[in-house]
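Below, each structure is written out as structure tokens.
Below, subunit A partners subunit B and then partners subunit C, in two separate complexes.
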Partner chain A sequence: MTGYVIRRLLQIVPVLIGITLVAFLVFYFTPGDPVALMLGEIGTPEVEAQLRVSLGLDQPAYLQYLRFLGGLVQGDLGTSYLSRLPVTTTLWPALWATFQLTTSALLVAILIGVPVGVLAAVKRARFLDYFSMSFAVAGVSAPVFWTGMLFIYLFSLKLRWFPAGGSESVSSIVLPMFTLGIFCAGFLARMTRSCMLEVLGQDYIRTARAKGLSETIVLAKHAFRNAAIPIVTVVGLQFGSLMGGSILTETVFAWPGIGRVVIQAIFQRDAPTVQGGIVIIGTMFSLINLAVDLLYAKLDPSIRYS
Partner chain B sequence: MKISIPVRWRILALPLLLAAASVGFSQLAHAQNKIVRIAMPSEPGTIDPHSSVGGAYEIMQAIFDGLVKLDHDLNLVPRLAESWKQVDDKTVRFKLREGVKFHSGNPFDAEAVKAWFDAMLDPADPGVSAGKLKPVSKVVVVDKYTVEIQLKEAFGPFIRSLSIPHLVIYDVAERKRLGPKGFASKPSGTGAFRFKEWRRGQAIVLEANPDYREKGKPKVDILEFSFMPEPSGRIAALEVGQIDIAYALPGHQVPRMEAMPDVTPLKKRALRPIVWFFNMRHPILLDPAVRRALVHAVDMDLIGETILEHGGKVLQGYITQGAYGGLEMPFGYKPEYSALLLAQAGWNKNSDGIYEKNGKKLTLTAQIGVDRYPDILAVGEAIQAQLRDQGWDFHIRGIEQSSLEAGVQSARKTPHDGDVPPYDMVTWGHGMRDGQAYGPLTTAWSNAFGYTGSVGHWSNQNFDQLMAIAVKPLPEQLQLQAYHDAQRVMYAEVPGLPLYSPLWVRGIQSGIEGYRLHSAEQEYWEDLELNR
Partner chain C sequence: MIDTESGSFPSSAMRVVRRLLQSWPAAVSLLILLGVVGMAIFAPWVTSSDPTRGNLRERLQPPSVEHLLGTDEQGRDMLTRIIWGGRIALQVGVFSLLIGLVVGVTMGLLSGYYGGWVDTIVMRATDLILAFPYILLVIAIVSILGPDIFNAMIAIGVRIIPEFARVVRSIVLSIRSKEYVLAARAVGASDRRIILRHVLPNCTAQIIVLGTLMLAGAILAEASLSFLGLGAQPPEPSWGTMVARGRDYLVTHPHLSIAPGMAILIVVYSLNVFGDWLRDLLDPQID
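Let's turn to the complex of A and B:
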């Protein structure tokens, strides 16, 4: 198992090199000189030249990239063109904010999506099934920015229960958490339903019932545990993609997450911040995938990693 | 009866209690202090004036002051300088205020001003706004509170240009002591507010400067700048009283704010003119008749009445009305004259009703930076529709403003006989933070700031000569004459289509007083009051 984990961790390295290289090349070939953009109407050729030297942009592309990789090896993600501070000054707090939002949204998604999915499977082809799946489809289909706006209108403007945005108080997380959570809950509910239906049709479930076990035990211990493996995969993938993909929710609710920071940096051509953000998001995604794979073994004793 | 609470519930309850207590304390602190909360669209990279490249001027002007400032009527008035005197064409002498201190406790005096000029113009690490100080040759300390600035050559707009927020004076000694990174985290100026904390991604917090030079000011304790990218989010936060001032709101939200009981919309027309510059290397646009035909084919007044109802005002010339040196000289909507000009230039309509010459259509594409100015895309679409109705094969291409600006800046650096810039027409807005026509006119000046070309690669000797005259320290009447004559040359040569100047809209909560929008995009915080 330890060997497997080490191998998987080592596999993350080429993945990160690949995505940073793509990000670097995309940035490099995108029209727009970051220095000209930074200085705008106050720029002069002399100041531009000096700034280009101080940011290292006077060097050939391959050297710029190698310098970034060299820094990465030493744990240095680079210095922001705009703030002239290490990009981690901005990225770590943003990562923490995104982590808070993502975990809480995922919790909401699990607490809503899994029971709804189980209920729909158990009450298959009945009103509760149709009702809960309609809810799931609505959750998946509604764009998060629309749900977010709706929540702001209802819970902030009309009922005045929660702040309209920001992250200054504890209650600020409630609306973005539910916006994102409901979106994921739809996926989870549909996934849980189909996994449960598949498992409930198995022989061992019939055997368990024939043994006289209560329906709760059959569902919880025999059915759900076996249905949980693909659900865990979906949760893991959702977690990974939310870490970098909650940008719309972060923007609508002014939540200071990493997606928002990276998008702002893209608009400002702040390449080091974008690359640093991509490295962090990529690493998180890879680590979460690894964690999900390891969790399989825990849930299904027949799975062995070597 | 004794109720027993399991340990795990107690552990779970502890963070909740702490969170509730922290919210309670923060609300208590809010009630005790006069805190004004401001929501801006984006977080600045830095608030160190040496390296700040925009997005932070509003905050910087609370922490730092310049030598002079523009009042709301665009008059140049003293700030850190008590007075100034033009000694000769190339020398200005500033008498500084006495007893002013930086937030660090360092004295503000002639040595500090000289140190600031030297730091900004340091060839090894120039300030990003050093270009604005390019005319400076030498700074001499005359006595503790008198400093003399000598220019390389006579340059009339110089004193006024010192009022722009890029040129606020920072505490050079403190920057040296802390280093650039340390100073960026704890900047020191002479402003009404001093830096308190920066919660990355959340807020920049400033507190009242107790040693501020004007007694009794500032009148609020805390300024808290938070960052909310979505305009709808800023409006909602304003409506529920979460913030006191919301920046950068779209004009169409004005009626909504007017309907809110505790919110007042503030509107101010910016001096910044937005012009569609023609690419003068484009084979079709090389012909002045086509350029003139285009400007007369567009009904900007109609666009102003419809699209810009809450979003700005149509320009009546290349410089916004009200700016120093601006000249009102509208082209006017004359479609028949436009058609006549095109016919004389050899353009005739084909069977599809599109103008053609030698088998080639009158095809033009205008680039629009869609994310900078309110209503710009709608204005572009309206112009496209008007021109198409009249037989032009006209297209607009919306691109991200930063890409557009970078393309234009890059094209300005290529020689006049270099490659054709990758646009036929391009929207360009130039700030006028010093309130004078000089800045926007440099976009048409072929040798401005060392660039080899104007925005549209227009080059006109008469215009360049008039600009060279206008920047001399002339008596006002002569200087205005030179500016006006330069604009008359533009009117005759038509290097672009003047569009509009945007309307800046903000919303404020009731109880906020002493807050005014400035047409030159300046921000003065010392008069702000909170009466609630």
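Let's turn to the complex of A and C:
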């Protein structure tokens, strides 16, 4: 196990460096002149030149990248061109908002997806199986931004149950949470079903039934417990992909998350904020996937040796 | 020569058709997909009006005989725009899939067959691409290249590369030391010949399945990018753009957003159903 952990930890180092490189490239190639953006009409050529030097924009790309890395190791992700504040002042609170959205969406997904998947596996090849699985495919096929707008139309504009966007009240999170959760629930239901089916085909399930155990005990104690290992992994990996889906959900619902901040910054040409956001999301995503891998290796010893 | 158990091509094709007729969801999905492809190819002939030029006197009309899905905020026929939108969705989907497939399969073949430093470089490159959530990587690449439909194709294509590279690599690893590969090498076949004639044919089934599912993902990605304003630019009739533009009229004219979104749902749904069926067909051990 220790060898596996070390190997896996070493693997993530080049990935993290790669993430900073991608983020820097986005920063470097963001169109528009930041100096003009910051000074507007008031800049004289001297002031502009001075600002360019102080931002380090007069230096070649590789020096700018090294400077960015140097700041990064000290926890400095750069300064926003627009607010003139460290980008972290907007990015950390936004990350927290994204975390709230993704965890609650994951909860929705687990509460819907896992029971539906178990039920579909138990009622295999019967109406309930086909019925629930066709909805599960719809869940993964519908674009989240569109589901979100349908929810806004139905539950906000027509029924007036929940606010259409923002984050002012507690109920603001309900629609985005379900939008993102349902997308993920479809995937989870499908995975749960196939994990359960695999376990239900095993010899020990037949043995348990032959012993005369009740079907409930067979399903709960023998089948679900063993299917739970791969399901946990899938849940973990979903948490990462929820960060992707949240970019769209946040945009639709004006939820103040990190995805929305990055998208806005792209349009405002605030390159340092985009750069910082990409580093944070990429790093979080990689760390979550690393944690899931390690957890999986702990649960299932055969992984470590492959 | 080619290691397949299913015999000659016509008989295996017949077998596929027979299995397809036994599964109505897959058959219906295929019909829908063929219909969408047909509409996309023949868009200029099946539609009568211009998808980009509007007529303000006819703006925001409800569905009627003349305009089956009504008109949008610029008086353009919605059905026409949705049919042309299918063209964009399929173009971006197919081209990005081709980029990902060609580059990914090549990388997977080389990395699995040669191992060593080739393998290390390929695997670290795929690690990096997979280090970002799907849509964020695509957004990042589009921000570097500039937002338009062509760059969207490249960005989505790049994201698909590791999916193919990894699957192909693992298949190659499992068959690299099989007798027929060793035999081919023993009789002096070149690496190129072994890879193309003996290794690649064993990957085709998985490549086809993965391709179907990746196409679904690519179409969703294009729609998402265009929804955010980073893909197709107005007045191009991309489904994602149409959903986004309908937002301002959600209270009074919800169909402006609902209809193009429904088009995305139907196409992606069909691709997923058909892809699942293909996977079950080609990989019996799952069932």
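Following the convention adopted for this analysis, the second predicted complex is superposed on the first by the 254 of 306 C-alpha atoms of A that agree within 3 Å, B and C clash if a C-alpha of one lies under 4 Å from a C-alpha of the other, contacts with A are read in each partner's own complex, and residues count from 1 in each chain.
By our rule, a contact is a pair of C-beta atoms (placed from the backbone, for glycine too) under 8 Å apart; a residue touches a chain by one contact, two chains touch by 3 or more.
In this text, all values refer to a predicted model and were calculated from it rather than measured experimentally.
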{"item": "Partner chain in contact with A:Thr251 - subunit B first, subunit C second, else both or neither", "value": "both"}
{"item": "Which of subunit B and subunit C A:Leu85 touches, first, second, both or neither", "value": "first"}
{"item": "Subunit A residues touched by each partner, larger count belonging to subunit B or subunit C", "value": "B"}
{"item": "First (subunit B), second (subunit C), both or neither touched by A:Gly165", "value": "first"}
{"item": "Contacts of A:Leu39 with subunit B and subunit C, given as first, second, both or neither", "value": "first"}
{"item": "Partner chain in contact with A:Asp203 - subunit B first, subunit C second, else both or neither", "value": "neither"}
{"item": "First, second, both or neither for A:Phe267, with subunit B first and subunit C second", "value": "both"}
{"item": "Touched partner set for A:Leu157, first subunit B, second subunit C, both or neither", "value": "both"}
{"item": "First (subunit B), second (subunit C), both or neither touched by A:Val140", "value": "second"}
{"item": "Touching partner for A:Ala94 - first (subunit B), second (subunit C), both, neither", "value": "first"}
{"item": "Common interface positions of subunit A, toward subunit B and toward subunit C", "value": "30-31, 149, 152-153, 157, 251, 267"}
{"item": "Subunit A-facing residues of subunit B, complex", "value": "19-20, 22-23, 26, 39, 42-46, 48, 51, 53-54, 123-126, 128-132, 134, 166, 180-181, 184-185, 199-203, 226-230, 232-234, 236-237, 239-240, 242, 371, 400, 402-403, 405-407, 409-410, 413, 430-431, 439, 449-451"}
{"item": "Residue numbers on subunit C that touch subunit A, as the complex places them", "value": "25, 124, 127-128, 131-137, 139-140, 143-146, 216, 220, 223-224, 227-230, 240, 243-244, 246-247, 250-251, 254, 257-258, 261, 264-265, 268-269, 271-273, 276, 286"}
{"item": "Footprint of subunit C on subunit A - complex, ascending", "value": "11, 14-15, 18-19, 22-23, 25-26, 29-31, 134, 137-138, 140-146, 149-150, 152-153, 157, 194, 240-241, 243-245, 247-248, 251, 259, 262-263, 266-267, 274, 278, 281-282, 285-286"}
{"item": "Interfacial residue positions of subunit A with respect to subunit B in the complex", "value": "30-34, 36-47, 50-51, 54, 80-85, 89-90, 93-94, 97, 149, 152-153, 156-157, 160, 163-171, 251-254, 256-257, 260-261, 264, 267-270"}
